[in-house]
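Handing you this structure, nothing more for now.
Labels run A, B, C and D following the written order; every chain starts at residue 1.
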Amino acid sequence: MEELVILLVIFVLAMFVGFEVITKVPPTLHTPLMSGSNAISGITIIGALLAAGRGSGDVASILGVIAVAFAMINVVGGFMVTDRMLRMFKRRPEERE
Amino acid sequence: MEELVILLVIFVLAMFVGFEVITKVPPTLHTPLMSGSNAISGITIIGALLAAGRGSGDVASILGVIAVAFAMINVVGGFMVTDRMLRMFKRRPEERE
Amino acid sequence: MSPFVMLLYLAAAVCFIVGLKRLSSPATARSGNLVGSFGMLLAIVATLVFGRILSFQLIIVGVVIGSTVGAVFARTVKMTGMPQMVALLNGFGGGASALVAGAEFLRPMAGATMPLNTVLTIQLSVLIGGVTFSGSLIAFGKLQELVTGRAVTYPLQKTLNALLFAATIALVVWLVISPDQITWFVVLAGVALLLGVLSVIPIGGADMPVVISLLNSYSGIAAAMTGFVINNHGLIISGALVGASGLILTNIMCKAMNRSLGNVLFGAFGATMIEAPSITGGAKDVTVRQVGPEDAATMLAYARSVIVVPGYGLAVAQAQHTVRELADLIEPRGAEVKYAIHPVAGRMPGHMNVLLAEADVPYDKLRDMDQINPEFDRCDVALVIGANDVVNPAARSDKSNPLYGMPILDVDKAQHVIVMKRSLNPGFAGVDNPLFYLENTSMFFGSAKASLEKLVAEVKAL
Amino acid sequence: MSPFVMLLYLAAAVCFIVGLKRLSSPATARSGNLVGSFGMLLAIVATLVFGRILSFQLIIVGVVIGSTVGAVFARTVKMTGMPQMVALLNGFGGGASALVAGAEFLRPMAGATMPLNTVLTIQLSVLIGGVTFSGSLIAFGKLQELVTGRAVTYPLQKTLNALLFAATIALVVWLVISPDQITWFVVLAGVALLLGVLSVIPIGGADMPVVISLLNSYSGIAAAMTGFVINNHGLIISGALVGASGLILTNIMCKAMNRSLGNVLFGAFGATMIEAPSITGGAKDVTVRQVGPEDAATMLAYARSVIVVPGYGLAVAQAQHTVRELADLIEPRGAEVKYAIHPVAGRMPGHMNVLLAEADVPYDKLRDMDQINPEFDRCDVALVIGANDVVNPAARSDKSNPLYGMPILDVDKAQHVIVMKRSLNPGFAGVDNPLFYLENTSMFFGSAKASLEKLVAEVKAL
């Protein structure tokens, strides 16, 4: 129970950090913000790797593998598409097709 | 050791919160900010109360009492003087002597 | 967990925070995204190396499949398809969190010894993750037009949803009391999926951006919950960051659309809006000034300052490249061109900016509503393309109007206003727009892309 | 600690965060301070009720003495004495943290079983707390002029300090290796106190604001360290907040004074500055325009816009009330009066604002440097009172000047500049000020308070 409260403390502080940091993101970047923060929520990959890696071969580890695949879609897709968008934001686009 | 790291996590997050929140305080209020944050650092009163309250009557609890007194100076003095200053900040001072 | 791995997870979380901080300006944003992805790499490597992994085969399968699918998605998606993409990614994130919690529940030898709070957080994680997963898939379906975009309603809808919600709570309590009942756990997962479907299906396609933002927040909260389950601060911090981000975006969208967060959270979407479109604004006894391509081209070519107001119609018509072409033609003639971006322009928050950036519009010409509004009265021509509700001056003054109180772009204060749309029909809110009948407004009828192409041709001919 | 108390401490920490957030505007600041003090009350009550306190007698003694002394300090201190007050409070905070750590070390039965990290954090807490305590007392002494305000230097100073620092590290390591040696622990405490004295004593009085900011940060870090010792997240969060706050203020002061944080942290204060005053700016072959009270009064009375630039000399002369009186006289005559506050004006960060607020100047007339600088070229009269370095235009252009690069108030761009000071002597940096010899500058010699009183009398007589 003590452990739970300590984790709650961390959650609350991280929420404050999130609110303070995100309110500084300008509306121009709200779409990359969404896809980028999406990629961050793929952090659940940690749990997925642990679940899939127990090697027990039972239902739990099957769920783990699916979780790994899902989380990797989230991570790879999220960061890559964010990068693709942000690459387009230029102050003075030199090369125009 | 694990416990220490978890506390470190809390420290790092709180530092981030602190930086984000404090950078939004305008220069006008930097003096009250100093005295007010000073009062907050009086939170060490928690530790002082615990140390003084063990009732062992030995050197440790004497140190505890001194700590309680010091911390209370910090807390009471800090919050009161901050309030005194902030009371003076008025948009349109009505009553002028 | 060894203290060293814990420190690595902390480092990963710090990378995410720093990455998000760098998103505060377009100039540093890309490096911020790199910092964030570095943090993720750190977390993954730390887990693989120090996580007491026994079997790597399954993991490799999962990683390869997931990365490939993710990379293909990221490379092939069109910028106009970004809302669907984000919805889909949300869904996978939420699904992964729910699956991890499920694996933790089913894990052999766990059942008996599991402490109360672990059981509770597992349930919450499955619940939130499940809702996020199925809700996001429905949102994806609506945006991709696989499912009808209209608000699907049926009798007793609210009663049914309320009952389902009550049943969920009962299930969670029941499972906390006696945890080792796998059947009921599966039922809980099923109910979560159903709840996700049923809460998104009644929402109209145009409201999807709010839904996506909210589901974005949920996917973060689900990850944080899973962090509570597996006692991992990395997941908790990252999840909280995403949760906060989604909530802020939801809130911004709500404000810009003149709805309350409560109205959104409690699923009353569309309900108030559905009746509105009955007030058609079609034929009216008021005169409307029309303008043809030649006159419009002349006005633009000789203007000193032009503000382009892109709306939903521009996105639909995919006319963003043609707009930029037009700007490229009139800028050398001495006009200063800026773009006024309303927070709900486009199909998701910030979407219009991405579309214009894709069309090579420099980002320092993109202006937020608060920045640009004071500039309209110094502007010669405001060119409104496929926007309607967001430029409706009635929102400022007419208390009886459903739009009243919604922040709008003050285009009516410009010297001349050219409105490009196909008809006098109302926009999403179904309300007539007095802007069209103003002295200084000229209507340019036609589909955005075709009209802009005509304009470009005329300006070239000048 | 019971989970419930832990939640209460979390609530207290949230109160502090919310309180600090409300300090972002003068309108909400006072309520923020109340929220913060409520958080403290919560923490104290939670500890007293749930902290397994065995004896309340000693506690009551400590609380009564501390609260009385604190309240008396807070009520009697003059606003000009705020730097001393803050220095003193810092000292008590740091001292309390060190004492708590000491008590934890001496606590019977602790010694043998104490884990490594507890021993280490106890040492750090005593060290930082001790340095904060003695350093703050010296800073207090300097500001209160009990100790000489000059930079005290002696041969081999740096070598001695370096040796002492090395000795401290050695002691800490030694005590971590074999913790149960009370004698050496006392020595460590003594060394910490000595280190505090020796690192502040060589710093000149004018640099004290930086020292106070830094000690403010230390007092927070000391509290956080104590939190690590007693395993309490309330202390850690609150301490980190204060630590961050102090660091930010230190950084702001350094930037405004054109010094690097490294220069401050590694105790090289004053060293570069000490030689500077030899360049006296006294007698020069340049003409200086003087102005008397009558002419100055006329200029001010007929000006449309006046910017007052208060400097260190105004604070020393305690002329803030007289300035406000002058403003009250000329405002009804049509002048708009604003106050341009340089970040290092006064005797600590933000001090000048407090002094002017005390003199009933409304806070919306107080402008930060960045806000006011663009307004000087639209201003009729800039009235510089006891400021010198912060209005030295050489800082903008003359690369050889020691002030070069320091951000200044651009008073020289005003239509007319009136400079009130006692002589042509240089200010703190010991550098001559070209402002005094400009075409549009008139000098008004005399002590600030007396000069302002003459001005007030003349304006009244107009």
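The definition used in the following text is that a contact is a pair of C-beta atoms (placed from the backbone, for glycine too) under 8 Å apart; a residue touches a chain by one contact, two chains touch by 3 or more.
None of these values were measured; they are calculated from a predicted model.
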item	value
Chains touching both subunit B and subunit D, listed by label	A
Pair of chains joined by more contacts [C-beta pairs], A-C or A-D	A-C
Reference subunit D; chain at largest CA-centroid distance	C
Euclidean distance of C-alpha centroids - subunit B vs subunit C, Å	41
Chain centre separation (subunit A, subunit B; CA means) in Å	36
Whole-Å gap between the CA centroids of subunit A and subunit C	16
Sites on subunit C at which at least two other chains make contact	13, 17, 233, 237
Per-residue multi-chain contacts in subunit B, two or more chains	1, 4, 6, 9-10, 13-14, 16-17, 21
In the complex, subunit A residues that touch subunit B	6, 9-10, 13-14, 16-17, 20-21
Interfacial residue positions of subunit A with respect to subunit C in the complex	1, 3-4, 7, 10-11, 14-15, 17-19, 21-61, 63-93, 96-97
Sites on subunit A touched by subunit D in the complex	1-2, 4-6, 8-9, 12-13, 16
Residue ranges of subunit C touching subunit B (in the complex, touch as defined)	1, 3, 6-7, 10, 13-14, 17, 233, 237
Contact footprint of subunit B on subunit D as seen in their complex	9, 12-13, 16-17, 19-21, 23-27, 29-30, 32-34, 36-37, 40, 43-44, 47-48, 51-56, 58-59, 61-63, 65-67, 69-71, 73-75, 77, 79, 82, 85-86, 89-90, 92-93, 95-97, 99-100, 102-104, 106-108, 115, 117, 121, 212-213, 216, 219-220, 222-224, 226-246, 248-249, 252, 328, 341, 343, 348-351, 353-354, 357-358, 360-364, 366, 368
